[in-house]
Amino acid sequence: MDYFPTLATRVSLALLLVLFLGAIGVYPSTAGADPPQLEKPKGERCIRDTNWMRHNHMDLLKHNRSLTVREGKRIRSESLLQCAGCHPNRDRFCDRCHGYVAVAPDCFECHIYPE
Amino acid sequence: MTMDRRSVLGLGGMLAAGVLLAPGLRLVAAPEEATEASDKRRWAMLIDTNQCDPSCTSCMKACRVENNVPLFGDPKRDIHWIRKVELRPKDGKGPDRSLPMLCNHCENPPCVHVCPTQASFIRKDGLVLIDMHRCIGCRYCMIACPYKARSLVYNEPPESASHNRKVPRRAMGVVEKCTFCVHRLDEGGQPACVEACSNEGKGGMLFGDVNDPNSAISQKLHQVLSTTIRPDLGLKPRVHYQGI
Amino acid sequence: MLSEFSAIQGRSSGYWKLVALSSGVFLLGLGAFLAIEVRGHGITGMNNQVVWGLPHVFAITLLVMASGALNLGSMSTVFATIQFKQFTRFSAFLSIVLLIGGLTVLLLDLGRPDRMLLPMLYMNFRSMFTWNVFLYSGFMILCLLYLWSMFEYKQFTKVVGSTAFAWRVILTTGTGSIFGVIHARDVFYSAITGPMFVAVSLTSGTALSTLLLVGTYQQTKRHLDDKLVFGLRNALIFFTLLVGYLFVVEKFTKFYSPAFYEVETWLLTGPWAWLYWLGVWGGCVIFPLVILFHKRLGNTVKGVFIASIITVVGAFAFVGHNLLAGQAYPFDMFPGYQLSSVFLDGQDAHYLPSVVELVLGLGGIGLSALLFLLGIRFFRLLPAKAVPPPGWELPWSP
């Protein structure tokens, strides 16, 4: 019996090590940078509490999306098109924060944000 | 809320007369805050091929503008939600025909039957729609549809200056087709092709709710001889043709 | 007594060259997948008339052969064909690797491969695809159990092997029914499409097993008794006759109905007729039979080897013809009228595969080959010396 691991075993161990090092974060990160300043909204009040929106807007969008597409339920004030009423600039609102937290939603690959 | 609209429709005679007098007239002026598809409705279309001019493509153009349907300039991969088909009798007898073809919104849609993710589905009001967020692009529906109603988005669509913001643009790799302009229907409107046909063409397209016995389309379907495409397949299409 | 099972040594440069080649092909396939993923299906030859192209031909043929690869196992475990008992491990393992190769290509050819897990979340039980998700994964599990029982728990081999056999018949009927249930397509709408796929899986699976057995034993300079190859030849003859029979029944039924005159005439004489006659009839039935029944060729390992190659190519032709001719035939939406439109209604569809999709399809074969090569090196799948069991004689020869 060979005590020394085979070439294949050694290569896979090395690969695992590299992956592990990558996972614990040898990459440069933006942590510590100041949170981005988002554009002040125009309207008086958001359709939900601001703090709630900060954490849950994606659930709201996704939930309404399914309801609208599949059930034909359209709530006009909660439509994606209505966001622009208070947040007219996508770059200075959605994208700025999404860039900061490095989450890339693909809504706007198809949907057109009103300006 | 929908019940209200339904009962308004149900008032019958008076409104039906109005509909007959002014096809395309909007029954609901401004969209309400919240609306929902009604399972009591069944949208359908009647196309009078005698009124369809071979040289007229206004329905196709209107659809492209309304739904942001791009042209790639490659006939094999261009997307067509609605297209004009020319018919020439094989035996040379009888006149040529020209007619628009679009998704037939079948009662038994084979595309929905074969879709592995339920991305293609039947909405409560009978519309056959595609949930673009769920389509995996397997294209089995394109194999199953006998009307060639569906197209895959093969390329990144070209940048276009003008967009209808109410309809999303294209996503590469998913399948798409005619929606009967669902966004317009939900606001009480008519499909863009029907509107274009009555404005620019000869008004050969009639659209409405066949569950409402007083609607113009219900009445006309009873009066005239009409057919559907490939009735032998048992799909019960909701696009009816008159004059072929 | 049967000799001991042993893994191949796999130290020769030939072995490593094969491993490098198959990994290379697989990696190229992955590259092709990435290219399609980034640039879209526009870089393939597919279009809105022919929506399933070469990758599907490769994937489905591999899946058909995966079910067929279980033949040797089933013949021994279910039908007590004792001379093949020594190949049951090999057979079950080959099924698994072909299945993996085929499914990989199928998934990588999706328009949105990033969403490939959605069918698991939202199941539509009316879709043949959903059925196949269960049939394929179930088959994979059964093959693994079958292998495991052969290695460790011999008392379960019979029951697991029999279940796997029943499963593979249903599985390949399901694969064929992807096409057979589609009423819109005159070319492949038929109750017999499923059984035809089963029959082709029997021939192509047996042929591929023959190729791999003969190849492996020759390359590793181990002994494979010619009589075993001729036993495989006899099985292949029987299955090929079955394929021919189903082909005839299908064409006869279709041609009997005037409704199908047009499409059937188009198939036999139209733009895809070459593939039908040369590939489907030639590759699946006629050429192999001529060789296998030949007094001299049929009695040589070389002859059987060549007939097996033709049979495997024939399986590709069969699936390809079904798929491509089936999609190229224009819909007859208004009988009695010639159609024309900007959407190419009423015209035979054109399809010219691009290199990218060919590479993607070959990538699946590369993956299967790689897994097979690794499998025979690391597991004891094949007997060190393959000889007929004592008392067994070859029942028939041409």
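First chain written, first letter: the chains are A, B and C, and each begins at residue 1.
As a convention for this text, a contact is a pair of C-beta atoms (placed from the backbone, for glycine too) under 8 Å apart; a residue touches a chain by one contact, two chains touch by 3 or more.
Please read all numbers here as calculations on a predicted model, not as lab measurements.
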Category of the chain touch graph - line, ring, star, complete, other: line
Between A-B and B-C, the pair with more C-beta contacts: B-C
Cα-centroid distance, chain A relative to chain C, in whole angstrom: 43
Between chain B and chain C, centroid-to-centroid distance (C-alpha), Å: 41
Distance between chain centroids, defined by C-alpha means - chain A, chain B (Å): 35
Chain B residues counted as touching two or more neighbouring chains: none
Residues of chain C engaged with two or more neighbouring chains: none
Interfacial residue positions of chain B with respect to chain A in the complex: 31-37, 121, 123-125, 127, 129, 131-133, 163, 165-166, 168-171, 182, 186
Partner chain C, residues of chain B touching it in the complex: 72, 74-80, 83-91, 97, 101, 110, 112-119, 134-140, 142-148, 150-156, 172-175, 229-230, 233, 244
Complex interface listing, chain A residues touching chain B: 65-66, 69-77, 81, 109-112, 114
In the complex, chain C residues that touch chain B: 39-42, 46-49, 51-52, 110-113, 115-116, 118-119, 121-124, 126-130, 133, 178-179, 182-185, 327, 331, 333-334, 336-346, 350
